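Below are two complexes that have chain A in common, paired first with chain B and then with chain C.
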Partner chain A sequence: MKTASRILGSAFFREGFEVQDAPRYGAERRGAPIFAYVRAAREPIHERGVITRPDLVVVADDSLVSVAAAGVLVGASARTVMLICSNDDAAVWRERLGLDGPVFTLACEPAPDDEVRFLGAASAGAASRFTGVIGRESLEHAIREELQDLRPEAVERNVGEGLTAFDEMEAHAGCLSEGTIRSAEAYEDPNWVELPFEGVEISAPDIHGAATSVQVRTGLWRTMRPVIDYDRCNRCSWICTTFCPDSAIHADADRTPRIDYDNCKGCLVCVAVCPPHAIAAVPEQVAVAADSEEAST
Partner chain B sequence: MSERASETAFRRMKDLPSTHLLGAGTATCAGCGGLQAIHEIYDVLGEKTIFVNAAGCMTLLSIYPFTPFRGSWLYTAMACAPAGAQGVRDALDILKDKGRIPAEEDLRVVVLTGDGAAYGMGLSSTSAAIDRDLDFLYICYDNEGYGNTGQQSSAGTPHAARTSTHRGALGYPGFKKDLFSIWAANRPAYVATVTGAEPVDLARKVEKAAAMRGPRLLIALSPCPTGWSYEPKDSVEIGRLAVETGVWPLKEYVDGRVVHTRRPRKRVPVEEYLRLQGRFAHLFEPERNDALLDEIQARVDAYWEAAD
Partner chain C sequence: MSRRLLTGNGAAAWGARLSDADYVPAFPITPQTEIIETIGGWIGRGEWDARMVTLESEHSMVAAAGAAAATGVRVFTATSSQGLLHAMEMVYTVAGWRAPFVMVNVSRGVSAPITLGSDHTDVMAARDSGFLQIHCSTCQEVVDSVLLAYRVGEDARVRLPVLVNLDGFHLSFTREPVEVPDIEAARGFLPAFDPGELRFLASKPVSQAVAVLGGGPYSYFRYETHLAAQNAVAVYDEAASDFEARFGRSHPAVEAYRSEDADVVFYMIGSFATKAKDAVDRLRDAGQAVGLVRPRLLRPYPVESIRALLAGKRGVAVIDQNLSLGKGGVLHAELASALYGCPDAPRTLASFVGGLGGREIAAEEFYEMARVTREAAESGRTPEPRLLYTEDELRELRKLQGIAVAERHDTGAE
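For the complex of A and B:
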């Protein structure tokens, strides 16, 4: 998404706009939500910081919609254009989210010969088209400039994805309207919590419990789930429990391994090291669907 | 190795514990080789351990009110974990001398830092701690870069690896600093290299280090899916290949001698190790850089020729 925002920003810039673009990271880890903001205007921009009233929201992964920390709807209004990368169509999302404004989707299905769709370049392409002021050449130039370090085939794929999405959104060219500039006088303090300066015994708190981290549900990070086939398992639990970086596999007294799905991050190291290949990797969505089916029967 | 095997509780994989002390639910990336080594080390060290942790990825282990540890953990600035360890050691000694804690409540003082601190920023305070013969164990999880801030090059980065500060076709122009020899030259109690993918070798070394006193160092090569750019599931494979190619020699310094605890009988070509990692992709694409690959292989060969 950071790359998509850079591409969109550079494309605006080539069209003569003043531009700001900035990423914002939460936790520094794979799979953590990240945010990237682009502001563009014909005049110098005096506003700073994160965008609180977006004209356009691009959601790169539809699973983020249900993640509170991602806050994809924060600040959106009836005129905000939503673009969601999803295989569900726009009507479904409009209904699900109770939105009245314009909602579009980019299908995640790749072209027949490709393994994945490059959604970063594709969303930058679609967003450029929505603006109605970015031309095809500026978009292409911006993608090439941003990705110049990559292998030539990768650059061409991205250019292709960006331009395809740009063309795909032809009917919605210019659907994005310019927001009003807020004057500094209308500035409201964010709703932050005042923390008074406190003595060291309070401000450097101790943790007295042991291994309290197990309460953090890192299992939510998982995109793939390791599933043990107990018929094949040799009960050599010293192997999988040692190599699991996260201590997320425990063994019963008879050496039967048990995966702690509340905490397993889905790295699949256990799948790779299990000698008889007794652990399968199942896409989390498939596993969740299977779980709920089982629960309902 | 064989004459020592009888002294150890860890002879084969089966001897490793199946219940593990380190709590799950930490913020490290999925597949983190550093966390893997730390959880294996913690099983051998036990609960009566206090970690003094310099800024780096493992700072994220303990975030109030959550901790994966069953004992204490203290956070210090990047350059001064050994100084923090000195304070903790002194405080414990004073408490014991004054009879305010019984001897069995004493804690093992362990410094935990990345390579950025161990090979670079923290070397001065480490050197001073060795001079004072501080009784501590230093664990460096070596992910060969400033991982927590986005994998910039560190003094532990290997030649030719691409990092966020060396993005060109030749990668990092410097050479990985020989921290093992720097420590060994100061005649500390113990120095060893380990990696989480070789848990039996690791457990023996931790066991040995834990029984000694004085300055001791364990350097754990820590495959890092995020910084080295590979699929998290490959962490163990990459660690094993680091050993089998001879890139990461498993060795120890004890009683003034360096002993290799594993000599790969037939070394796998280093290419096999490099090829799995995105940080070396520029050695193979868009075209193969034979000169650089040969240079890397030649350095590994020269190391083992000198060692054999």
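For the complex of A and C:
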């Protein structure tokens, strides 16, 4: 999403807009949910911080919609355009979320020869089309500029994904409208409160319990799943278990490693360090589909 | 000169590169890490001829920076929050060495509880150290301020290290259009460091920063450092004038925005000051005479400019994104001390503390601060200091406390 925001920001900038784009990180772990925001205007931008009244919301991972802390609908109104990367169609999401405004989806299905769809470039491409002011050339230029350090095949695929999504949304060009400036004449009272003094037993930043972090199912963050091929695993076990930054790999008494998928964030460090290359990275949606197929047979 | 999208961290790195710094002692910390990653990339690819060394801590990093600067080398470094606090012993020490260098601080709230979000309590801890402080409100200011910082700190009338401060997230990770000066133009403004006697020559050894016994010599050296810092007000003004003549961008020690005919003024530092400008514009649209006064230079404190810009105002809303525990907002106390006894000082200085640990300050809150300050000026009753904290925030906090209580119950801790 950071990449998508920068592509969109660069494309606006190339079209002569003033731009502000920024990612917002929470947990500093690969795979952790993040969001990013982009502002564009004809005049210098003085506003800062998280956008409270978005004109467009892009959701790159539809599993975040049900995560309350992700707050993907915060500040959205009937004029907010929603773009959800999902294999469920727009009507389903409109119904599911009770949305009145325009909802579009980008299918996550990759092209036949590809393993995954590059949703960053694709959603930047769709968003660019929605603005109605970003041309195809500016989008392509922005993708190339942003990804210039990648290998040429990766750049070309991203350009392809971005432009395909841009073309796909042709019918919705310009569906975004600019937000209005809120007047200072009649503003909403911020409702400040007086913070009372409270006893240290409640006002010190303490968690009263042990091992609470394992209760947080951070496995939900995963977009790629490490899967061990036990035929190739040589049971050295100490390498994957040691390098896992989240202690989510444990070894049985016979040194067979087991991945705790409730807490594995999908950082894929284990994939990189496994000496016999016995751990593969499988797109989470592919793995989930395989799981449910297995369960039904 | 080229205009491009740069993060505040990218702008800080460009400031260092355009300053031709020779030596970059480094230690990573969120949200500063991108600065040293960028510089490391340039040096590693041979695009910038400088030496970078990663030290084992910020304490060592500042010691290395000061030691290198004391040999007449141009030094750049950067840190944030806990890193700055960890370095604090050396921060005070190297300032006393009178060896100039530039350290960027990417502001982030201090522990405990630990956080990543921005506020200015970290850099306020260095307030009395002898480092000069320049506070930025845009990414453009970051690159320009690094160049200005070397010009001022290296001036023989000053010879002190300089902190250039930018807010974590709101500048550090935020891309904005930035004019990056050409290297030749930058060199025209900031020639190679002329260190004078500040050098390392094996044939002419010097013992720098010796110990003293007795308060007489100690007071002398400390006060000389204070006077040098105060000299930096005039030296800064000269440098900023020259900068504006060369690059067309004005970075006064104290920025005034629509304040000339204002009766109520916001007074604050850092990146949220641009939000205050928006608020000023909207309040002006609504017929209210409101302005903004923003010190960029906080050390030395440009007292005369501040007094002049606030003379005759009815009320000032001082917005502190820091908290001196047991006292309140630092900017408020400093402003009161600068204005006390001035015959045309504003009648009311209202104190607001907000934006701690990355908390946003909403447009409505600026409007409300203006209203409260105006009413206070009219009634002559200064309001109690106000923490910007809403009912919604307290409700969210109560939920967390509810969980904590449940945990206590579950674990039998009660």
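Everything that follows uses one rule, which is that the second predicted complex is superposed on the first by the 181 of 297 C-alpha atoms of A that agree within 3 Å, B and C clash if a C-alpha of one lies under 4 Å from a C-alpha of the other, contacts with A are read in each partner's own complex, and residues count from 1 in each chain.
Following the convention adopted for this analysis, contacts are C-beta pairs under 8 Å (C-beta built on N, C-alpha and C of every residue); 3 or more make two chains touch, one makes a residue touch a chain.
Note that this is a predicted model, so its numbers are computed, not measured.
Trainee: When the two structures are overlaid on chain A, which partner does A:A68 contact: first (chain B), second (chain C), both, or neither?
Mentor: Neither: A:A68 stays clear of chain B and chain C.
Trainee: Between chain B and chain C, whom does A:V116 touch in the aligned arrangement: first, second, both, or neither?
Mentor: neither
Trainee: If you stack the two complexes on chain A, which partner ends up touching A:V273: first (chain B), second (chain C), both, or neither?
Mentor: Once the two structures are laid over each other on A, A:V273 reaches chain B alone.
Trainee: After the superposition on A, what does A:H250 contact: first (chain B), second (chain C), both or neither?
Mentor: After superposition on chain A, A:H250 lies in contact with chain B alone.
Trainee: Where does A:A184 make contact in the superposed view: on chain B (first), on chain C (second), on both, or on neither?
Mentor: A:A184 sits against chain C, while chain B stays out of touch.
Trainee: Regarding the shared-chain residue A:T212, is it in contact with chain B (first), chain C (second), both, or neither?
Mentor: both
Trainee: In the superposed arrangement, which partner chain does A:V200 touch: chain B (first), chain C (second), both, or neither?
Mentor: A:V200 sits against neither chain B nor chain C.
Trainee: Common interface residues of chain A with chain B and chain C?
Mentor: Common to the two interfaces on chain A: residues 28, 205, 207, 209-210, 212.
Trainee: State the interface residues of chain A toward chain B in the complex, per the touch definition above.
Mentor: Listed in rising order, the residues of chain A that touch chain B are 27-31, 149, 151-152, 205, 207, 209-218, 221, 236-239, 241-248, 250-251, 255, 260, 262-269, 271-273.
Trainee: Which of the residues in chain C end up touching chain A in this complex?
Mentor: 5, 7, 30, 112-113, 116, 169-170, 173-177, 271-272, 274-275, 277-279, 281-283, 285-286, 288, 360, 362-365, 367-368, 386-392, 394, 401, 404-405, 407-408, 410-411, 413
Trainee: Mind listing the chain A positions that touch chain C in their complex?
Mentor: Residues of chain A touching chain C: 6, 9-10, 13, 18-25, 28, 45-50, 52, 181-185, 187-193, 195, 202, 205-210, 212.
Trainee: Help me check something: in the complex, which residues belonging to chain B touch chain A?
Mentor: Those in contact with chain A are residues 13-33, 35-36, 39-40, 47, 61-62, 64-71, 148, 150, 167, 196-197, 199, 225-226, 231-237, 285-286.
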